[in-house]
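What follows are several structures.
Each of the next two complexes has chain A plus one other chain: chain B in the first, chain C in the second.
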Partner chain A sequence: MQRIVPTWTFLLRLPRRSFSYRLALAAGLVALFVAIPLAYIFIRAAGAEPAAWERLLQTRIWLLLGNTLLLVLAVTSGALAIGVSMAWLTERTDLPGRRFLRWMLALPLAIPAYIGGIVHLALLRPRGGMIPKVLEALFGQPVFTPSPLGFWGAAFILTLFTFPYVYLLSGAAFRSLHASLEEAARTLGCRPWQALWRVTLPALRPGLAAGALLVALDILAEYGTVALLRYETFSSAIFVQLSGRYDRSAASVLSGVLVSLAVLILWFEVRLQGQARFTQMESGWRPAPPVALGRWRAAAFLLAAGVVFASLVVPVGVLLAWSVQALLDPATLQMVFQSGSRGLGDFLWNSLWTSSLAAGAAVALALPVALFAVRYPNRLSRWIARFCQVGYAIPGVVIALSLVLLVNRALPFLYATPLVIVIAYVLRHMPQAVRAAESALRQLSPTLEEAARMAGRSAGSAFLQVTLPLILPGLLAGAALVFLTSLKELPATLLLRPAGFDTLAVRVWIWASDGFYAQAAPAALLLVLASALPLSFLLRREHIFK
Partner chain B sequence: MRLYRFLIVAAISVWVLAACVPAATPGATAVPAIPETAATATVPAGQAVSGRLVIYSGRSEPLLQPVIDAFRAQNPDVEVLLKAGSNSEVANALIEEQANPQADVFVTTELFTVQSLAQKGIFEPYRPAGAEQIPAEFRGPEDAWIGLTRRARVIMYNTELVSAEELPTSIFDLTDPKWKGKIAAAGSTNGSMQAQIAALRQLLGEEKTEAWLQGLIANDVTFFGGHTDVRKAVGTGEFALGLVNHYYYYLQQAEGSPVGIIFPDQGEGQIGLITNATAAAVVKGAPNPAAAQAFMDFLVSPEGQKLFAELNYEYPLLPGVALRPGVEPLENYRLADVNVAQAAQEFEATFDLMEKVGLP
Partner chain C sequence: MTTLSVHNISKRFPQSLQPAVSNVSFDLQDGEILALVGPSGCGKTTTLRLIAGLERPDAGSIAIQGRVVASEVVFLPPERRGVGMVFQDHALFPHLNVQENVAFGLRGKKPAEIRATVREMLHLVGLEALAGRFPHALSGGERQRVALARALAPRPVLVLMDEPFSSLDNDLRLEMREQVRGLLQAMRATVLFVTHDQEEALYMGNRLAVFQSGRLEQLGAPEQIFHASATRFVAEFMGNSSFLTGEVTLNGICTEVGLLPQTVALPPSTQVEVAVRADDVDFHPDRNGNGVIIDRTFRGVMNIYRLRLDSGLTLHAFKEHTAILPVGERVQAFINAGHDLNVFMEGRRV
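Here is the complex of A and B:
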């Protein structure tokens, strides 16, 4: 076989496999596409007037930094605590109804946190909420109820709607854990809880770290919930800057700091993952016997049911009640279906087509990156693949800001079209597509492709006829994930939408922030339903749901 | 699995619902070519215009949509696209788009933003039909913008929580510790609040305004994103007092809530009632100037002015248009005198002040 070895390859430490320049070029272009908005924000932040930096350093940055980190810390620990305990209860114990609860604990992922926040706020708002009012009417005097506002409220709501990330990842880890690990610990004299603490949880660490990372980055990027519950973080402060003064340098400065923070968290995760390796033999796997909860069974069930109640039953139930209220009131009903020249059908259609297009584009762009990284593993391809994951770390507000500034200067014809929103979705959610494509490709032996090549196919047709059909389910899962997260996206859509172009998420947000809850409810319910579909497809691929 | 079957049924109903609702066309998202009309050409009154009219509005959607609907009833061929946000958010978009204009008309809730934008050359001068009758102080220099309605900054209160004797009479009473934790207001992104702070800076100077803001913050005032939240919270008794525009009181009263209104600062030596005005302007390089001008004409027409007065309890600027019955005429009150051009020029300092005190 002929091998082309350019003189500079030693720099890249190429392995024995040949090197595809076309693939490298394609992957490089994708990385460049991802890099542009990021680089632009840093340039803007660095180029901001020293006065803007000085003003922000004096007043806001430290407070925002404290607020943001505190919230990230609280929600991540809360999500870890709930996620791991729920995963343990449904996977490793004889909890009653665990097959049903498994689904119920994962489904809150279909509910955007800000919709959950709107519902809980309407129920629990101090003095004005439904529950305090009912209690006051019952007892004839105000009764103390916990407030969903401020730090504790925001931490509570965000924990409720992000714990499923940890739950799913640690559930899968519990399931695949070899029974013999714990048995060995017990044989060596550990008590059950010691075995859990010293053996099981450390072995779960990769899954836990991945879940915690997702939660932490989600909280950094969160806009809707914190704005609603009046807790100020970097993301919401950037929004305030953008809708405050006629000057974008302050917003750029804050964005620069926020992105640095996110990159720091990513780096921390890479370090954490790198410290320990856990290897298991696949052969001889058998499930560990479930732990008998005994007299704790009822309490454990109540705990799990309580989590499901707060994160799934309450939001869906209240949205249903409001929707019925809207359907019964002709004036509201008319507003729901026709607001200005647009109606609910347009919002649904806008949500669906932008998210679908983003899902398709993200997978298409992820493919060369993943192919390059999996088939030609070297420093360059690894670097490109990792770089394409950085979108996770860039909050929607920041992507939107950089796109507003960039597109209007470089591609004015694209400006104020929905395609800019699609670009933002792709940039923000491509990591999910890259990870899905990579894992699909890794499971496929390259020998199949090589056999096709030896049978006389060109590289292209071998890929199209052999590789692509085999990795298609994995790619679809990646697309479903991008679709799901794009559907829920709020801040970038809010900033980038052209006049008259609203998605379901934006409409729900606008109506609810004007206080028209009944009017917003049908749209919110549609959004939850539209998210539940790809989610259930994804969950059925997880082996804990098989 | 049962759940899965439920989800499939749900999905089908979603699609059926989507199919039942008309006009979901992907093509509607592309920007069509709109015939260019000379920006100076005026449309003869009564002649219907067509095409697509893009409105950027600092007025919140529910406060503008009925007017747009009435305009569309007269001009059924116009498709109106509305993008509503905070004044500065929309203003930022207009500045960003100066070389690549997307909007035809800008509608705002106070005069300082529109005046600042006029100074940046964002607008195409246009004098709507009948604009001569609008008082001169509410017309932009060289017809860059036109005032629409007036609104007053008032205090609304919950009559079940506040007795007549203890009512505040001045906005400076709001810093009194006896109201600690009992007041709601709009935050720093709200145009009317920004304008009130700008007016106070001009009337009293930087220090006193800063002291007032710090007093509000020290008094645990809750700052919402908008006034709808404020009026509802006062209406339900979550807060005793709310700092709002006057019509929020009337809107809440119309919902049957136990609320009252105070027109503050009427005493000797006090600053007087702070008012502001909403305004509209045609964007320079507007893709559809004919429709923009027709819409401006409609906003200033007796019919358009009546809608603002009737639906939103505002004070129309066109003389002869009746107030909604029950609305207190502004003539009954002593008004604070604020110079719009000067306040617009110092608007940046107002933002600095809000940031300095950390107004949420």
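Here is the complex of A and C:
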């Protein structure tokens, strides 16, 4: 957690090194690169003709605001409830099979929510869904099944595929907690449940807030699922304005409001964290002994298994079944591997190279920012590091809009090239790279570099020979995270791609929207698999996943 | 009145072969401070946790103020034992400020009463000014005092302290233990205090309980532990003793540094060990002596010499601060105790 130090205390502890102008310039340029698209949205929103504002204020904005906030609230609470309870079960109790369940509960992160949505929709759709059909055949009459469409469906699906954020962060928090905190509560008169409510959960607040923030921002940016389940939010409305009606000034206005909303949530989280900077106590750390579930063991296991079933087994199982169906049917097989001049291989290649390039670029750009912030801590460097993290708060559709407008105006040679997609990925996912690089650098003592300097290395070769090899694992983790999220990205890719440039995500989306589920399934499976690899690399960095 | 009575308790953890605590019994009187001392892993902390109710004994019983809280058939959870505990890492709740931490154990009382108690406790530990601070903004000594105030606030019949000063640096540790001892004595609190530091145990405890490998080696007043160590281990751990091998004769014990005129009830030519501390040993320069000076440490008020006897045994000896002799000098070492020394046969005092 970033410590907020008043400027004067910084002056007392003047850094050993003087200010580096070169590094400041590099970090400043990166910040500028991030700032321009964001600022441009606000300029366009403010510059939209008053009529557009008035029209939107009268009709759409309030409805969208209500819809969006309601969904954010519902999914965040749902993800917190599931994520925290699953983390408690796997980290603090004697739940059977918890080592295995840890993986199963983290893996839904590899499944984009819209793919999960496609599967659940195909299963449960009111008319023509697989389950209602089977039930009707069985009972000879239509049987009521819950519909995945609309608010409840969207909230359900998005909760299922975003709770792992909360699960992973609160699981880490549960593990880092001292056994003695709960024991102290017990000796002061708390029963075990009271200790959980009065001490453990409140002490976990920073971890929970971080998880909730990720979920909330993810929901603000979500396009695929809400469009699929016909629930209108800011993101999907902006998408429609951009792709269908082509009303850029209305889209700008909506984007301005959406980004303000995201920044508000981000600010709220920073405030929450700032009030509660919980120290990690150093000495005598001991993990808390697991709670014996006793006769609740079976019920708890069924609950965890149910979550795994809905969020992992069902989507992967159905995709597998559809894929087999596609491979057995020559006509579909033909479509999968050869649509026009392109096939599955091309989509995979497009996905991989754009995401890898974005991951590499994001880490390369994040490095000077992180170096500047960690090695020369001052107001400017801190501000730049913070600013480079606003990408979290800018949904893909907004970045797409901004880039469409900017590229058209300023960089026409980039127009309709896949490079614009890569730029969008970098802008949106750089925060992950900045955070990873920062934390890797913070774990490294600056005296290591100083020792290399004393041994006769120049600043540059000290960095290359000592610092870089040591922070490389951290940088790779950042790159894996950017790669993973870029691979799953849908709305910006849909809006920015040149005609005929399909990635796996795009193809799955288009085929599934047209109802060709079997045809979409192999591509979706490939996408899930390609995401699961960097995800498992990231999970393995945590010792409990080894 | 007996506040705590521990009877034959044993505890073995599933993963280990050795019992962590084996057959330990002792009583604690009202207003007494008992220090449990021993090397790390000797079972002293486990004993404390058994009394707190954080672990369950395999055998034996524990009674607090005459009420059995743990036995083969009874097990009272920690929240129902009325015992306060100060943890090694202090375990302050990070989401609560100082005042709320101290008030944590007072739930269920009237608000006015809670406020008064918290104010009183913070006054006692001298932290009124920091009532609104969060734990992360406190220094080590301040955290320590909050932890103590929190443990004392519900007026427990017994206070358990698990190495409470071990996370503080040296100067602060000395200062804190003076403050804490004064406070505990002023409140007439009954305290069980765990430490691995002999000096701290001597300072804090009215009585000492020396532990080794899960067993209680000796229980007694500090002077008794020091002057009449029950086992070789106690003499070694508590007194930094060296051990001279000797043979019993009719006139005393014959050792490498001469005849010790001290009679023991053992037949002649029995092999024994004599515990000697630096203050029991003296020497003078002698070219035909029995040892050589290998090191001298100047301590201001005295010199500490390290001697190597011809047998290879190393002895420590105090000399006045003006007696400065060069390293390498051959000397004649002898016993100059002025009191009986502890003599051990097969590790036990004779």
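We take it that the second predicted complex is superposed on the first by the 523 of 546 C-alpha atoms of A that agree within 3 Å, B and C clash if a C-alpha of one lies under 4 Å from a C-alpha of the other, contacts with A are read in each partner's own complex, and residues count from 1 in each chain.
The rule is short, and it goes like this: contacts are C-beta pairs under 8 Å (C-beta built on N, C-alpha and C of every residue); 3 or more make two chains touch, one makes a residue touch a chain.
Only a predicted model underlies this, so the values are computations on that prediction, with no experimental measurement involved.
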Three-chain arrangement built on chain A, chain B and chain C clash or fit
fit
When the two structures are overlaid on chain A, which partner does A:Gly189 contact: first (chain B), second (chain C), both, or neither?
second
Touching A:Ser180 in the superposition: chain B (first), chain C (second), both, neither?
second
Quick one: is A:Pro469 in contact with chain B, with chain C, with both, or with neither? Answer first, second, both or neither.
neither
Have a look at where A:Val199 lands relative to chain B and chain C in the superposition and call it first, second, both or neither.
second
Students often get this wrong, so check: with C-alpha centres, what angle lies at chain A between chain B and chain C, to the nearest 10 degrees?
170
Given the touch rule stated above, what does A:Trp103 touch, chain B (first), chain C (second), both, or neither?
first
Once the two structures sit on chain A together, report how near the CA atoms of chain B get to those of chain C, whole Å.
24
Contacts of chain A common to chain B and chain C in the A-superposed view none
Sites on chain A touched by chain C in the complex:
178, 180-181, 183-192, 198-199, 202-203, 205, 276-279, 281-285
Can you list the residues on chain C that touch chain A in the complex?
52-54, 77-79, 81, 83-85, 87-91, 93-96, 104-105, 107, 134-136, 150-151, 154, 160, 163, 166-167
Touching residues of chain A toward chain B in the complex: what are they?
55, 59-60, 63, 103, 125-128, 133, 227, 230, 232, 240, 242-246, 248, 337, 339-341, 343-346, 348-350, 352-353, 404-405, 408, 412, 415-418, 497-501, 510, 513-516, 526, 529-530, 532-533, 536, 540
Which part of chain B faces chain A closely enough to touch in the complex?
3-4, 7, 10-11, 14, 17-18, 20-24, 26, 28-31, 54-56, 60-62, 65, 68-69, 72, 79-86, 88-89, 91-92, 95-97, 99-100, 102-103, 116, 188-189, 222-223, 225-226, 228-229, 232-233, 236-239, 348, 351-352, 354-356, 358, 360
